[in-house]
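Per-chain numbering from 1; labels A, B, C and D assigned in written order.
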Amino acid sequence: MKSAVVVFPASNCDRDAAVALEQITGTKPVMVWHADSEVPDVDLIVLPGGFSYGDYLRCGAMAGQSNIMRAVKEKSEQGVKVLGICNGFQVLTETHMLPGVLMKNAHLKFVCRPQALEVIETQSVFTRKYQAGQRVVFPVAHGEGNYVADDETLDRLEGEGRVVFKYAPGENPNGSARDIAGILNEKRNVLGLMPHPERVCDPLLGGTDGKAMFEGLIEALG
Amino acid sequence: MKARVFVTLKNGVLDPQGKAIGHALGNLGFEGVGSVRQGKLIEIELSETDEAKAKAALKEMCEKLLANTVIEKYDIELKA
Amino acid sequence: MKARVFVTLKNGVLDPQGKAIGHALGNLGFEGVGSVRQGKLIEIELSETDEAKAKAALKEMCEKLLANTVIEKYDIELKA
Amino acid sequence: MNAPVAVTPEVVKDHGLNDAEYARIVELLGRAPTIVELGIFSVMWSEHCSYKSTRIHLKKLPTSAPWVIQGPGENAGIIDVGDGDVCVFKMESHNHPSFIEPFQGAATGVGGIMRDVFTMGARPVASLDSLRFGEPNHPKTRHLVAGVVSGIGSYGNCMGIPTVAGETNFHKSYNGNILVNAMCVGLAKADKIFYSAAKGAGNPVVYVGSKTGRDGIHGATMASAEFNEDSEEKRPTVQVGDPFTEKLLLEACLELMATDAIIAIQDMGAAGLTSSSSEMADKGGSGIEIDLDKVPQRETNLTAYEMMLSESQERMLAVLKPGREAEAERIFKKWELDFSVIGYTTDTHRMVVRHKGEIVADMPVTALSDAAPIYERPFVKRKPTSGKVSFEASRPAMESLLRLLSTPDLCSKRWVWEQYDYTVMADSVQQPGGDAAVVRVHGTDKGLACCTDVTPRYCKANPFEGAKQAVAEAWRNITAVGGLPLATTDCLNFSNPEKPEAMGEIVAGIEGLGEACRVLEFPIVSGNCSLYNETQGEGILPTPTIGGVGLLKDVHKMATVAFKREGDAILLIGD
């Protein structure tokens, strides 16, 4: 599996993502600079966490307008897998590659903690190594992760099996509609999620629940 | 030309920030405070002198960047 | 009564948000964009019907909560 | 244009300089100072920059050990952590600005200390804080806590540097004077350390980062208000931080540092351009000439006075090898930062500042450093309060325990650290909640243990013993996670040094620190003093905060506080 990590000026999980990818796939991902207008030929593009352009105005809004995102969008239309983590998820909603928006957390505070999630959907290249209903713990670290969409969109997401992760019942950290933590696009090749699987690929960091996502991707993409 | 762009949440979209302010005002003893909503005010200086053209440009800025029209609406005010 | 309160940074205070927005607008190809400043717009519904009293209350709200007058200034607009 | 302001006795007084100090300035210059020079002297001779009340006492602190590479006197201290890795760290206070505007005050405090660390060539890897607020039910406390915590969080989070440990306490003595101390720990390679000594003449001096505005020109608000024609708005004395720009500055500086173009570099912190330029020349034994017309400016009509004293954030000053300007400029342009050659070094030992073709300041560099006043302020050492406390032995133990655990000081601080990203960088192997945080040295099995500690009520009861206890606690917290304690940084928060009782606390506190650090071989390699922490004549509890750093050779052997298994024996060690 060949992968690329997009680096925005204030990305700050680009290294975390690269380390996790290298650890699991054995090869270093290509780091792609935000001002570039082309993404190399890869199987997986990761949009990492961070603050892209300082996240002024709205998180991910300015990154959504960058050169590189036009290229990422094109690749995704050709079927390349795209994984947006945290800020990456925000960028994906801002470019409308995923529906809905991520608003300020309902309690208005930044939240960083180990977060229990439920795997809802395993029919995807991202979650095929998990079991439906499995409880996993990924850290969350965000100020704007409150997923909002209209009821029709939410029904559709649920009906089409595109809600992949939900916060464990009663443990919603940000007020997200229907406890949604991560969703797929219609073609199921783009996943956006607020929690950080790449920060739990090393037992020293509090768990390895994130590994299965990358292992599943390798299995599917070779 | 100077423009003021107001970006606010659409009706029906929950506004926790506004709610928190309303709550805080209540705690401070202010009475008769009803709904409170918080939005953004963006002040932009433009070199464009034609009003219609400026408006059109501002509208495009709002659609492309300043507002997320999934949940937000915008209003444009021009001052010569 | 309905009020709009505009809270903006005082002149001379750095506005990183405004700066970033201006920059992004430039990158998007908008020309002739000068200074951009971002502030807050707070819409408040008040049960008070007396304009002077409402204004006085709003002013106090600004001083006490809505603005930090060390770096921000405010403007109040009333609509009956 | 602004009319030049005359240097009258009132103006001198507004600059916080007394008669003797002013006389000394005139003697050093051989003439009366210009208004710009007066401003420069006032900030450089301020307590904050010159340590005039504490300097003779700080000399008593142990600052060296075989593993210490750089002690106090640079932007941050440096210790050797083996394998060619060095750890760069420092703690700094931002108390007053945080009281006035808690979010920005705390945020810029964090930004400032991070610049101190990366200006030396280190990538910051951990952030810590030590916070003191007034009573929980004081009307201002809630607002201050919320602002400070979110300010620290937002800056650190945006920089992508984990905030991994700290302390949070409440006491009425901080009602009108909160303490916000921020510590930053970074990692560099031993052969890639950068210092601030601007050696040599004829080397270009470059300004990088954000533009200069009228931010935080304090100390002399009265005089500077006279400069301002539209005085309808009082000038802000609080700076606003832009972590996004700082993140760019960090990456750009590290990229430039990977080349060999830099001779010296220093961040523009307190007293901005003034302190960075004069200190760099002083340390390098050189002189410096700068042209203010070349300084990137955010506003129109900035005066020379304002530019020299501005505390706009996210700026750095560097001296390059001649001919390397274009290469450096390319890097800063790539990161979309301002870059400007504003002057050059000289061999005159003078600092010369030009503005609009005129010389606005021309002074010997040493007038600002060696010749700065030093005071041996009178002090009295108070008799320690008796160690006896009465308590009711009859109260059921469980009830007492619950009461203790529910006090604001002792309760879990999860509500604080959950607002900080403590997992970013994926090396936080011991996260908040333990005795010390442990951050893995990236790509290795080594770890740095760090913590901040002090118990101010002990220091109030007995400043000497209390300061010793703070050092001992930091030392214990590091050993408790399995680290070898190596060195400390401090932030000496005290009240008014002009009051002999308070000065006594300062002296005893420093002596206590010195003794503990000496005995434990735990030298102090960097630090900062924050004095005059009082409101309406009431001083804060003496609060000498200690930041400790230690090394774990193998993070797999780290210890944590959690009980591991049922049936394990519990041991109590010590007496």
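Here, a contact is a pair of C-beta atoms (placed from the backbone, for glycine too) under 8 Å apart; a residue touches a chain by one contact, two chains touch by 3 or more.
These are the chains along with the protein names UniProt gives them: A = Phosphoribosylformylglycinamidine synthase subunit PurQ; B, C = Phosphoribosylformylglycinamidine synthase subunit PurS.
Keep in mind that this is a model prediction, so the values were computed, not measured.
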C-D or A-D, whichever has more C-beta pairs in contact: A-D
Chain-centre distance (mean CA atoms) for subunit B and subunit C, in whole Å, is 10
So how far apart, in whole Å, are subunit C and subunit D when each is placed at the average of its C-alpha atoms? 33
Distance from the mean Cα position of subunit D to that of subunit A, given in whole angstrom: 37
Subunit B and subunit D: spacing of chain centres that average the CA atoms, whole Å: 38
Numbers and ranges of subunit B residues touching at least 2 other chains: 40, 64-66
In subunit D, what residues contact two or more other chains? 242, 244-245, 336
Going by the contact rule already set, what residues in subunit A reach two or more other chains? 53-54, 56-57, 61-62, 65
Considering every pair of chains, which are in touch? A-B, A-C, A-D, B-C, C-D
Per the contact definition, I'd like the list of subunit A residues that touch subunit D in the complex. 9-13, 15-16, 19-20, 49-51, 53-56, 109-113, 139, 141, 143, 196, 198-199, 202, 204-206
Across the complex, what residues on subunit A touch subunit C? 53-54, 56-57, 61-62, 65-66
In the complex, go through subunit B and note every residue touching subunit A. 13-14, 16-17, 20, 40, 64-66, 68, 70-71
Which bits of subunit B are touching subunit C when the two form their complex? 6-8, 18, 21-22, 24-25, 28, 30-48, 57, 60-61, 64-66
In their complex, what parts of subunit D are in touch with subunit A? 150, 153-154, 157-161, 242-245, 247-248, 251, 335-336, 417-429, 431, 440, 555-556
